[in-house]
């Protein structure tokens, strides 16, 4: 949505007096124009978080030199940090099964440039959406997953992700549980949309569980994938009201609307480096 | 909200062809004017639910005679049913501890006649709100609860509830777990407000649990109390958005706003006989 | 979502004692199994509204005979009524301009059979989505609209709609104001999605108006099109929270998510005969 | 919610490179510990906004000296600014008529110290709540307002507000239109709760207007009072879903729940110096 090219610096470090001053002082010294800035101090853990957008053309050097010059200060502050360039599109690999709502939704956002990304390929355990994906000019890979071939299948997914130099993997209602290897290989890079308001209704058939319990709202959760099923850091959640007249099939239908919206919001936060993972939680600078 | 006196018939029975026709036929036969009517068929269990509001002055007889005349049809349909009179105020006993938000809220609604009820007394394990409650002309009973006196304390609560001929007991953030005896004595008559979006975060300190898990919405649940803690039929729920900057104390503060609203909505549904319990779930005809 | 074929009877008539009884009595007499039923009395105007779903295989005759047999009772009750068959798909003509979010969303719902419809054609004043629409096997008509050719253009839209025997016309962010002739030709058949929470911000550039006024929520409204711009009966609305940091471009982006969801919900209510128009308002039996 | 005393600096100034750096540099220089910080650049007007919470005990001087020392920098940056002390409670004068929901709600929040304020008096055009207010130990002033005495009445309100050294005036469903003199005397100090989602349904009887238009959500708006009725800068808004079955009386009842919540949220933002007025809009740093 920004008209101009900008860099996004996101970082965390132990809290102390003077962090904002020193970081923004460094930027100001070089004439850097800060477009957007967010800071958060976690009182409990004493960790400090920040995110800054800086106009690229306000700085007298490029990103490589920024990194070089910023490194000493980052070292003094014991920072975990990165800086990215809005002109470099993130490469998002989408994994789907046989439900279209998230896939159509993501491709519409990609098509309209609402999501400023490349989709180097779509991977699926079914061949259902080959035509639709290929019509958009995006390569489609059918990688079947059976009880017997899981190791090979996920090795193939990993190979494809590496081959296309993916930054982010999105499980857009993929309906398969990734192998621990894959989860561990890409921490903070794999996003899932779970069709319940976590931590309620972990695992399979959450709408059936919700129906059984008689809840009055159902939800969806976008989270980073970790080794433990549906236990990763939560990025975004939302809910929708239901009532006694709604069957499981109705919930599935309503649920799709929040699933795709929550996934799209969570993905955008992730792509814009608005999400900083902190233990099993997230700081999300909206 | 109705200008005129009306009767509310609520019922459930095994589903079959012709239920609505036979019940509304009975009413029409006597000239009964139906103000509001709701029906629900549960496909899974084959049970049928209904709620009807009938203008009192449109019928040529009083409630006692209605009951007498309706009984044969209800028998044929194997109905669980009841009919109540809007002119007879329900008697609601409120239990509180030391948090005022739900108490102030309920008394404001009682004062303004938004809730068409009598509050024959307020019971508390602390003496904190005696003055406030008594200023409203409502008797206040201090029944301390300690680890040692629970049996006697809940026996006293039961005695007071019986003495004032209570219809409904409301745990307005009462912070004590009722004895199984009390729960079993009044099924479908005791309402609790739990400060989480159940089934997430059952039991103590749900906001601490929510903080730990890093959820992005927190909620409140109004449910009927059963022997199993926080497992009773859910009447109403709602949520509010939070983010990483919110401490547990912030969540407690935000939470109060949904707790009191959800409790008030759930209580109103209950008082207007809009809630029909079905196993561990509810049908709520709003 | 119903497994079985059913008929939907929707009707309104002057209120009087015995309506439900007589209508459901007629159905019960023929063994009709009512799956879902909703009733509403408008106190102010004295008009009565109803909607009933009846299992097709529970009746001993087909729809034509139902209509024949029901007509006398409908006449006595002075009913406006219709009955439709879930096995007959409604024919929905979609009009779009150059924004894809509603189009992708509708086609995903059509593809997955969430919307039980035929889309006999898509009409657009631009050629942008020809490929996408035709890939789905749906005919695409490019009908350019210029200041000079409006009359002919809308005559052509009308001709196409008639040619494909359309039931419903959906303006899926069509961005053109239909001619009065077209509006008058299809009352209660043309749905629009307006990108504001009506009645706020009528007409052009509602997000710019919202930005100027500094509102804290933005919305979308699905309504029937009438001769007066953005004044037709409202079917569905929703809102999303924004804040001071959101530019007009951000609002446009957020707005798309509610626009497509609100349009899809409103369209489903319409297609399932859940919407009864009453003056400039709607009864929506969800 | 903060355990410790802190100062809140809120400011706006023309945007330029280096603002954050210079302001936080000044604070860091004196060892100031920043607890919370928010910044916003308005792209359209080129104005920059900020809010900082600084731990009082981290600074080597008191507020008076902070002001003295900060003044030169503020001058260079052409800032509008103020700094307040969390240990000094704001003095909030509440104006009510005959509806209790906002009054009970505010007093509950004051009682529980959720709102860290003094309420030096309540003023009403009716005597209805004298007992309730006085029971809380708060002076109550009955200032009747008639078509003939408006000038004197508002002069008396002004006199009382000055006498108790009020900081903020809250119209808690006051139902009277203040005189232009009063509005102009306290810009950004008088908060109103309007019972509609502005700009829809300005003026009297908004729920009747909403009923007539057939909207599917109703709302409430907390805004600063200006000379123009219901046109002042919006601080906070929210909505609640209704449907065709809701009468105006139902809307009034539902509306109360959002009115009191929206007012309380808006008031808290205001009291914590989270609201910066900018033309007819607000920046709200939540």
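Lettered A, B, C and D in written order, each chain numbered from 1.
By our rule, contacts are C-beta pairs under 8 Å (C-beta built on N, C-alpha and C of every residue); 3 or more make two chains touch, one makes a residue touch a chain.
All figures in this text were calculated on a predicted structure; none of them were measured in a lab.
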Out of C-D and A-D, which chain pair has the most contact pairs? C-D
Would you indicate which option in A-C, B-C or A-B repeats the interface seen between B-D, with over half of the contact pairs matching by residue number? A-C
Using mean CA coordinates as chain centres, what's the chain A-chain D distance in Å? 37
Separation of mean Cα positions, chain D and chain C [Å, integer]: 41
If a residue has to touch 2 or more other chains to count, which residues of chain B qualify? 36, 245, 247
Taking the complex as given, what residues does chain B use to touch chain C? 17-18, 20-22, 24-25, 27-28, 31-39, 41, 58, 241
Chain C contact footprint on chain D (complex, rising order): 40, 42-43, 197-201, 213-217, 219, 233-239, 243-245, 247, 280-284, 286
Which positions of chain C touch chain A when the two form their complex? 1, 36, 99-101, 104-105, 107-109, 111-112, 114, 131-132, 135, 245, 247, 249-250, 253, 256-257, 261, 264
